[in-house]
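What follows is a single structure, written as structure tokens, with notes after it.
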Amino acid sequence: MELWFTEHHNDSIGYSLKVNRTLNSENTQYQKLDVIESEFYGRVLILDGILQTTEKDEFVYHEMIVHVPLFTHKNPKSVLIVGGGDGGAVKEILKHDSVERVVLAEIDDRVVENSKKYLPTISCGLYDEKVEIMIGDGIKYVSEHKNEFDVVIVDSTDPIGPAVGLFTEDFYRSVYECLKEDGIIVAQTESPFIYGSLINKLSKMFKNIYPIVKPYICTIPTYPGHLWTFTMGSKKYDPEAVDVNNIPNIDTKYYTPQLHKASFVLPKFVKEIFEEA
Amino acid sequence: MELWFTEHHNDSIGYSLKVNRTLNSENTQYQKLDVIESEFYGRVLILDGILQTTEKDEFVYHEMIVHVPLFTHKNPKSVLIVGGGDGGAVKEILKHDSVERVVLAEIDDRVVENSKKYLPTISCGLYDEKVEIMIGDGIKYVSEHKNEFDVVIVDSTDPIGPAVGLFTEDFYRSVYECLKEDGIIVAQTESPFIYGSLINKLSKMFKNIYPIVKPYICTIPTYPGHLWTFTMGSKKYDPEAVDVNNIPNIDTKYYTPQLHKASFVLPKFVKEIFEEA
Amino acid sequence: MELWFTEHHNDSIGYSLKVNRTLNSENTQYQKLDVIESEFYGRVLILDGILQTTEKDEFVYHEMIVHVPLFTHKNPKSVLIVGGGDGGAVKEILKHDSVERVVLAEIDDRVVENSKKYLPTISCGLYDEKVEIMIGDGIKYVSEHKNEFDVVIVDSTDPIGPAVGLFTEDFYRSVYECLKEDGIIVAQTESPFIYGSLINKLSKMFKNIYPIVKPYICTIPTYPGHLWTFTMGSKKYDPEAVDVNNIPNIDTKYYTPQLHKASFVLPKFVKEIFEEA
Amino acid sequence: MELWFTEHHNDSIGYSLKVNRTLNSENTQYQKLDVIESEFYGRVLILDGILQTTEKDEFVYHEMIVHVPLFTHKNPKSVLIVGGGDGGAVKEILKHDSVERVVLAEIDDRVVENSKKYLPTISCGLYDEKVEIMIGDGIKYVSEHKNEFDVVIVDSTDPIGPAVGLFTEDFYRSVYECLKEDGIIVAQTESPFIYGSLINKLSKMFKNIYPIVKPYICTIPTYPGHLWTFTMGSKKYDPEAVDVNNIPNIDTKYYTPQLHKASFVLPKFVKEIFEEA
């Protein structure tokens, strides 16, 4: 049967995956949620029609959003994830022995429950005793917690719908207060091939708040534009000053200590987008 | 009008571009050739149904296939391109002042003519007096020229159809003879997300012939898998030993001297594909 | 090259034709106009993204919208077509020896010109000396001509955009005045599988004006819903009372005298839509 | 979520339905079987990627394949269906009071079971005590039963895969033996817009065997070509000689006594396909 899921990356680009079957479709309090089984990328979580994560390539995004800030920080003990209800970031965070506490602030409990049920290889860390799952508004949570986290990871959906508030200077400033004095924020900041002006705007906001602001990149085959950016804001540590020889060996498929550094070397047009900010 | 060009990256992945119009469609002696005007990526050259290059993102591929080997070589004077009839690689090579001669060995003159007519920003270098356009079999050309080129660039289509012979150990050995004693070959070697086993196989062939073999990567939004590999075989120069401070400034949109080095730092799963070879 | 034109018949149904090339794309004063060459149905005229006519199946629509009313009328001499700028209806009308004058009231001269240039087998009748091409508002034309035509054919696009005014009771009443005392109107009235409520509504309007109102059907493979309706309003002649033995032989591919009568026999659910009006 | 089922009616035509979810996907002994819930046409049974029946438009096909032969026969008591495991034809047959016995010879019991589970409005008749469900080879069943049925209905899939044997002169001859002396066969015989040459070929076979051979038509929105043909072979009764006033009233949505006769009036090009046979 020719059954295809199509996401339009913009009005002019379609990306389609052959589907074996749907595993679940529901309307949550916040969004339309679907889980499908694609032929090539395995199971896929879809929110409001947009691909969030797949079994086969989730490792790129989750390793890069987690290991780069956690190995930049000298001794991360407490980590807050805003969004990230699928659990992929949690799974990677738990590979760091120093971490004692992980808070997941996810607004939609159905994302968590569906990931537990249908994406066990991604959600496996959600059962760990170090993990607190806080279902509710991440912006509110951040505003109520001061000087508490070593690393905050903004693992959000696209800047439309429920996640709009996570792409504002007010929010990034609130995260600053939430972080300890040597804390680090990392946010997913979309692709320069599709959202160049957004990257420029967010970069300006970060520079208004954090002394050290550095974007870094990876390649995600199932995301729009495919060349993906994360933006790091750091109070003290420079991610490029890390001594790669001191990074312990952990089990990864994309991240390596050498790639940690290389991921901060941007293609020229991406560099210019950030530098113009 | 909803007019879409779709390329199936494999049986399970479709990639579609909205099309404003077709500019040309013809059956050449070797392949079906189409030129379309896409809404987002501008004009697109398509051979046998497969996207070859677009006005908007060609810079990634052409800069990376050219500047990495040419800045690895101390003093490249003569460069041979096998394939590459669109002229994109020629355009980038001509940015190197040391180059005195560029030979383009393209089997299909209709690729050259269509690029001249419909893709002027890509083909512009084809008129340069340093450029010799040799319409014919690149394999034969290579076999008849010994010890003649500083750099050979294999700018081929996918390893199906007319380009099959360009993915063989015999051909890479023949290129070895065609290169001078400090020569360098670079070939496009597809995406590890789609063609992992091919990369492994080609890597083995290169290692059987060249003392220095190093793959490097970039991100191409319109190519299957999007994380793209090139494989460099070098008789003498190590591309990672280049002194980036000595690389002169040229006009680029993707390549930078820093990225030259960073592009050799591979994601772990890609590194393993190459190391297992 | 996989190049496909897709029309969405509604939000949930897509109909796609493989395309060899685009022949023309332009924005006229009234609409977006495209002419493509499809692989199966030959050349296709598209207005605002909606398929209007194809070389291969135009005969169904044009024969049925013309021959049924013209053979219902005893002696049609003057025929007005509102819309129909492609010329397909004109071509069929000219097969009737009794006809002395055909007026084509088409709002968009670019439809006429494109059909002349790209669809010669459809537009061939437009050059006939009996044909007056009146570029302008068909509604205005109708309102300014009283008691003048034997048959009026409303060969319109869908009831969105420029054609909205052609689906109103005011217009059908104006046509009544435009017709002679034994005149006949036929309008294309969409498919009951997609537009059941529209058919009901239009049927009511016709019944408010014409003493004899009868819908009839045919099957058009490239139109939404595929089971197509026309609605005839007649001042005097009953289309089902025609003596089929008196219908002269003309060159057709769909229409036959027997089919003339059979086309008024409706599937039950279609009959009910009309009878409930 | 943009999830679409696409069937290619041939290499150049795609027909797509928006899908809410898959209800089942399995590989039976004979074919790939899927049941999906489409947004517009309700639930859909798909075999080997080809749409078989939908909740919303099944009535057209099933009413026309059943009521035309059963009301042509004066007193049908025993009916054999070859194929038709979804039960749609059974449901219509049971509306005829004269019928005492219905045998369903379906090769794939999974079609029957899936229809019972997922398509209750179509399969509802399968539980009737008059119905014998014979899972096995319909060709063999026919060959082993002589002079036994009043009507045989060949409700097959397309002439590829398991149904190939149902489109042969040997099979139609075997059905002749299986029918009583005044028996009638009806087979679905595809669309003249797509399969003109097949219709011609089958028509020749029928004419070699049955004294009365008449094709008839209907319009099915979800089938390739949409203008659908059935071919009737009759030993004694002429379907067009039926007195429509004697046809009792039954509950239908497409069939009417008047349409019974009108469905034998063919468009000219279809008539020619049959007459040339």
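Before moving on, here are some points about what is shown:
Order as written gives the chain letters A, B, C and D; numbering starts at 1 within each chain.
Here is the rule we go by: contacts are C-beta pairs under 8 Å (C-beta built on N, C-alpha and C of every residue); 3 or more make two chains touch, one makes a residue touch a chain.
Nothing here was measured: the structure is a model prediction, and the numbers come from that model.
The chains in contact with chain B as well as with chain D are A, C. In terms of their C-alpha centroids, the spacing between chain C and chain D amounts to 33 Å. Averaged C-alpha coordinates put the centre of chain A at 54 Å from the centre of chain D. Chain D has residues 4, 6 in contact with two or more other chains.
The chain pairs satisfying the stated touch condition come to A-B, A-D, B-C, C-D. Contact residues on chain C toward chain D in their complex (touch as defined above): 4, 6, 10-18, 38-40, 57, 60, 191, 193, 217-221, 225-227, 252-256, 258-259, 261-263, 265-269, 271. Residue ranges on chain B touching chain C, taken from their complex, read 1-8, 19-22, 25, 32, 34, 36, 46, 49.
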